[in-house]
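Take a look at these structures.
Paired with subunit B in one complex and with subunit C in the other, subunit A is shared by the two complexes that follow.
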Partner chain A sequence: MIRKSLCFDAKKCVGCYACAVACMDQNDIDVVGDGVAYRFVAHVEGEDGGDVRIAHVSMACMHCEAAECLDACPAGALHRDEASGAVVVRRELCIGCHACAMACPFGIPRFGRDGTMQKCDACYARTRFGYGPACAEICPTGALTFEEVNDAADAKLKRFGRSLV
Partner chain B sequence: MRGENVGRASATGPVVVLGFGAAAVSALCALREAGFAGPVTVVTDAGPEPYSPVLTSYYAGGRIGYGQCFPWKDLDFEALIDDLVTASPVEAVDAGAREVVLPDGRRIGYAKLLIATGAHPVAPGFPATAPYRPLVLRTMADADRLREALEGVQRKSVLVAGTSMVGLKVLEACLDRGGRATMLGRSAHILRSSAHPLVAERLERLLVERGVALRLSQAAVSAAAHDGTRGCTVRFDNGDAEAFDEVVLAQGARPNLAFVRDSAVEVREGVVVDRFMRTSAPDVFAAGDVAQALDLSSGRERVIGLWQNAVQQGRCAGAAIAAELAGRAPTRPYPGSIPSNTIHVQDILFSSAGALAEGEGTRIEASEAGGALTVRAYAYRRGKKQLVGFNVLAVATDGGLYGDAVDEIGAYRREILNAYL
Partner chain C sequence: MNELELKLKGKVPGDDTGIEIRKSVCAICDPGTQCGLDLYVKDGTIIKVAGTKEAPHSHGTLCSKGAAMRQYVYSPERVLTPLRRTGERGSGQFEPITWDEALDEIASKLNGIKREFGPESVMFFSGYAKWARPYLMRFAMDFGSPNYLTESSTCATAMVMAQQLTYGAPAGPDLKNTSCVMYWSHNPSATKSLNLEGINRKIESGAKVIVIDPRVTDLAQLADVFLQLRPGTDGALALAFGHVIIEEGLYDREFVASWTRGFDEYKQLVADMTPEKAAGICGVAAADIRAAARMYAEAKPACVHFSAAPVVHHTNGVQNYRAVFCLIALTGNLDVAGGNRINPASLVHQPGGFPTREREFTCAHRLAGLPERIGARRFPVWARLCNEAQACDIPRQMRTDDPYPLKALFALGLNYRMFPGSQDFLDEVCKLDFIVDADLFLTDSAKHADIVLPCCSSAERREIRCWPMGYVQFTQPAIEPVGESRSDVDILAELSKRLGLGDELLEAGIEACVEWMMEPSGLTVKDLDEHPEGMWVPGAKPPAERKYLDGGFRTPSGKVEFVSSVLEDVGGEGCEALPSYREPAMSPVSRPDLAEEYPLVLGLGARLPMYQHTRTFRLPWTRSLSPDPHADVNPADAAAAGIADGGWMTVATPKGSLTVRAHVTGLVREGDVHMYHDWPQANANDLLDGDYLDPISGFPGYRSSLCKIAPASAEGRGAGHD
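And then the complex of A and B:
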């Protein structure tokens, strides 16, 4: 089954935070109060031929195919939504043991004041009705997109091919 | 599921799974996902619904209800299992005849066998307390008994013998119930195998601040049960004697392997397995807390009793069994793991992974930020500085939040793993 997936192109990201704000709005997250942000934007500086280069990376749960957090959770609080393929947390079952945080190499699981884990669910409540995730819908530069995995891989190959000619 | 439908041995018998925990359930799922449609029999000494041993302390302490201890409620076990034999230990595995022997004499033939029987608590060196029976924590029955004991524990004293992760979770359950807890350990510090002394000292201080009494570098030499009431008076090797209303033994666990003593299955610390979880006996696999699998950090095969390991080993075993029954070679080996754990005791969170032993060529770096103490161990290999282990100890502040250091633990663990994979 071909599923749509969130795809990110760092070359198009300008670090505007629209994705992070849309995520907070969609999920009613009050980061000043009790909320924990699900999407982050990192700014990475590097050198390129003597020039300083700044890249922006919008990050949230990758919903990994071999998600280690799923294996690590001893409480049944994490499961994969069959329809969307998203890794979803059931906070009412979370015991706050941080085993998922230890398993995730991306530092995605975050814990609120109630001690339970919170993270991106790929807006599966939207995507099941044909809408895109809020972050991808709002992205003004096309850095974040929601597309079929095969299409995304095809676009990547074409980009690579163009860089060769 | 047809509990009484236990077939005779045959060359084309069912896949038999001994045990019904994380490794077993994961193997059952992998078997079916790989397309195996043949008969599967599960034999367990527990009940018909698998539980999570990790959740038992939360239940005993009153943090979760009984029903939440069973994390596979969404699984369709009818589709996974044909015969489920419950409340039955295993008497023996006859690898030559390809049969499992039950205590009542019944024999179950198998085409492939998975040993996933988990572990049981042990209490080496703790003196006899009869007729008082100390508590332990592993099974739901243990948890029920501990919960019952702790429900009336307010202002009572509880001795937790052992400074393991399980000991700390028992301590938390006791504190949650308003009990007065004492932790006893032979070593100078708690969590001897996973905490650096710097971190252990800090954790000990935090526990004392929360009302825990520590008896470290001590051992119990004798115990006398109380007349007519629960508990016993314990005499320690420093001459002290103290009365406790309850004693909980949490000194470690050993694999449940008594039934493989006469078989061709090689057992050392645990069942010796290859990277597809195959044992030395043909068509016999092992996974989870019974399996002696690859520890990437030491390069040795050893039992690392972790939930995630059990899940991944079970999946590997299930896929390998399905492949072999389909006439193919298994293709997805178990990659190995490193020791790693996270545990919280009330508002304290401790995380560790890898190896923290100081020695030649190893450098320890400690740092504090945002109320969290981080200790990292680096080894220099071929001139390159390589993270080989870490501890993070944090206390929840700001109404329940841990600092940024805790967000790094997954990246640290991955950095250690990447050095070995």
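And then the complex of A and C:
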């Protein structure tokens, strides 16, 4: 069985930041104290045939199946939550060596004032009990969803198909 | 972690965790959105916020502002007790006093001023939230003052006026049944993100989309035709649409012949505005104008999706939107399914598909017997169409005492930064003898009051709201009021008693008022109280089509007025009866002399998704997303001025200058600078003069003036609060 995971559809994202703030609220992130945001929204501007284009990306930990951060951590501060598949950090074990940050290809691990790593845990403490991750639950455009990845791919495939007609 | 610990970490509701979901609404932004809130409450405290899934409008989603509701409710800047000013105005020095002391002092001062100078010398102002406005207007009428006014003196009212002048009442887009939507200035990514899912679905179903906006937006990228026009030239563009539609015979001859006034004059007016001429004025291609005009006129049905303020925030704003609204009638898309449908409001400016007595409740009918309102002589069209006084005229009346002196201000949510030349506005207001401001926070405006009253947030009070699909919600408080704060209506009811206004209904409190207003709907407070999450109103229905067949339009002629009888009657500069195009009062075309020194077009008021006026700057979560004031500049203009992306620059107008960060982006036209308003340390609305107004509506010309930019150091930027 494929577990549900956070899926992102850049075509639907409008960069509204609802996910970023819902994450702060769910995780009680003290952005003026020792907390750092777990979810980031970036705006990317480019050109397409002379027209200016803008796209938005909402990013947090990808919870990779082969998680480089997990392999890199010398302190055992990262583990996989088997029920959800989420890669979870135990800050009390973190030694602040930044090995995870060096290993992560997405630039996700961040460090607060106390020097320990902080990141998204895919709301595993909610999904265990049938609730969705806060970011996906709040998303107004359906860009962020919590579903089986192949279902999300199906929706994109259908959209592509329609675009050909 | 054991299971209970995990659940507590996940904030999972249940008997074991003691976390309960209570229903409320978010009132951080305007009544057009009002999303349903699920407040996760534990031990009387909100520990998490989510959207209400069964809310038919927001279906479980929120925006970044609503998501930050917890920090809004529990901000350390909440006012906890009534305060009496002890220092200079603006010093922020206050002493806590009791509610009894505060209310007695207010009653005695207001009644004293009323005796000496007349009730009209006292102003009653509402900012955000808008929910308490009907109660405040009634209160002002009870007091005998015609000067009930709101921040809508700079927002939405002029858009409504443009529609009243043209076809009598606002006509909203029927998105559900349309086959073409023309978005004339709408950026839902920043203001109504929850609209976008519906727009995407509409596009997938094959509907055509036209977007008109000075900036490239997410919505613009979805459009079949996107017209990126020079700010303030909307009127010329709309007239060119009319030109194409008439020239190519795409208009609804039958409707025009039977139901419009002044078509021949309009036809002559648009004959002159060829797409080629408009292309030169607006800075868009003539071929694109023709394509968009054909697309809108040929799709049946098609609707215009307008927005509250951008198009009317020009010195030619009402006429610009009038030219747009004329197209709805011209193409026969008025009051038909899939077009723009006249839909009367049920509660707080919102249609709900059911009748209420809210208008009667406000006692607006008593205005006729009261002295003239602020701004009535300077903006006679405003006074004729709208029940409020025009707050943009307060500084003039303060300076001149004409037609009478103003002495006191009682405000629910005062925000001086909504007004052009904000500092001048505040300086004049500070000359009043007595100012009361009720607010959640000790804002920069509240700091200038004599008495500050602590207000509740929507989570702590009851309020009634409706949604266009026939849904209504009379909320219950989800938590106890923070500190000694009270609901705005409780404050008015208590004050009414002490002023001796003798208004039994208002003094009986919100339940009695709601019962009275809702009587025609068939719903009682008891019915509403059984559904704290909201309910479908039995028998609520969408507005009928072609209601004009039975009694015409609510214009003087009973027809759609290409030539406005009201404007014809009032006359004067800028009040032409036809929606003719004039340049914005400060543009490179109208003021080439000024443009030599100030070559760039300045647009103030484009929105950022995490901010709503001044309301969420003070919340660390939203502020962390965009901490510094900035303005959007095109790469070519930035390069010419030697300004780097993210660097500091000054934006200067003849009125003043501000230091902000440069956001260098191709999303804005070369020659345009766009800046968000209301920043605590860089208030863009200070860059304009208080007299830079549309002569019809009195609205500020925020979206088009002239400026120059230059590199700056960070030292130039001011400190400030919210």
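Assume the second predicted complex is superposed on the first by the 163 of 165 C-alpha atoms of A that agree within 3 Å, B and C clash if a C-alpha of one lies under 4 Å from a C-alpha of the other, contacts with A are read in each partner's own complex, and residues count from 1 in each chain.
Here, a residue touches a chain if its C-beta (ideal position, glycine included) is under 8 Å from a C-beta of that chain, and two chains touch if they have at least 3 such contacts.
A quick note: this is a predicted structure, and the numbers were derived from the prediction, not measured.
A.B. asks: Just from the overlay, do subunit B and subunit C fit on subunit A, or is there a clash?
C.D. replies: fit
A.B. asks: Should A:R53 be classified as contacting the first partner (subunit B), the second (subunit C), both, or neither?
C.D. replies: After superposing on A, A:R53 lies in contact with subunit C but is clear of subunit B.
A.B. asks: In the superposed arrangement, does subunit B or subunit C reach more residues of subunit A?
C.D. replies: Counting residues of subunit A touched by each partner, the higher count goes to C.
A.B. asks: Taking the superposition on A as described, I'd like to know which of subunit B and subunit C A:M117 touches: first, second, both or neither.
C.D. replies: In the superposition, A:M117 contacts neither subunit B nor subunit C.
A.B. asks: For A:F129, using the defined touch cut-off, is the partner it touches subunit B, subunit C, both, or neither? Pick first, second, both or neither.
C.D. replies: second
A.B. asks: Is A:A103 contacted by the first partner subunit B, the second partner subunit C, both or neither?
C.D. replies: First partner only, subunit B.
A.B. asks: With both complexes superposed on chain A, which partner does A:V89 reach: first (subunit B), second (subunit C), both or neither?
C.D. replies: Neither partner.
A.B. asks: Which holds for A:V31: it touches subunit B only (first), subunit C only (second), both, or neither?
C.D. replies: second
A.B. asks: Tell me which partner A:E68 touches in the superposition: subunit B (first), subunit C (second), both or neither.
C.D. replies: In the superposed model, A:E68 contacts subunit B only, not subunit C.
A.B. asks: Applying the document's definition of touch, where does A:A20 land relative to subunit B and subunit C: first, second, both, or neither?
C.D. replies: second
A.B. asks: In the superposition on the shared chain, how near does any CA atom of subunit B get to one of subunit C? Answer in angstrom.
C.D. replies: For subunit B and subunit C in the superposition, the minimum C-alpha gap reads 14 Å.
A.B. asks: Across the complex, what residues on subunit B touch subunit A?
C.D. replies: Subunit B residues touching subunit A: 22, 52, 54-55, 58, 63-64, 68, 70-74, 307-308, 311-312, 315, 340-344, 349, 351, 353, 398-402, 406-411, 413-414.
A.B. asks: Mind pulling up the subunit A residues that touch subunit C in the complex?
C.D. replies: On the subunit A side, the touching residues are 12, 14-18, 20-22, 24-26, 29-32, 37, 41, 45, 47, 52-54, 56, 123-126, 128-129, 131, 134, 137-142, 159, 162.
A.B. asks: In the complex of these two chains, what residues of subunit A are touching subunit B?
C.D. replies: Spelled out, the residues of subunit A in touch with subunit B are 68, 71-77, 79, 93, 95-99, 101-115.
A.B. asks: Quick one: which bits of subunit C touch subunit A in the complex? Just the residue numbers, please.
C.D. replies: 1, 6-7, 9-12, 48-51, 58, 60-64, 66-68, 70, 188-190, 193-194, 196-197, 200, 204, 216, 218, 221, 609-610, 620-622, 624-625, 665-667
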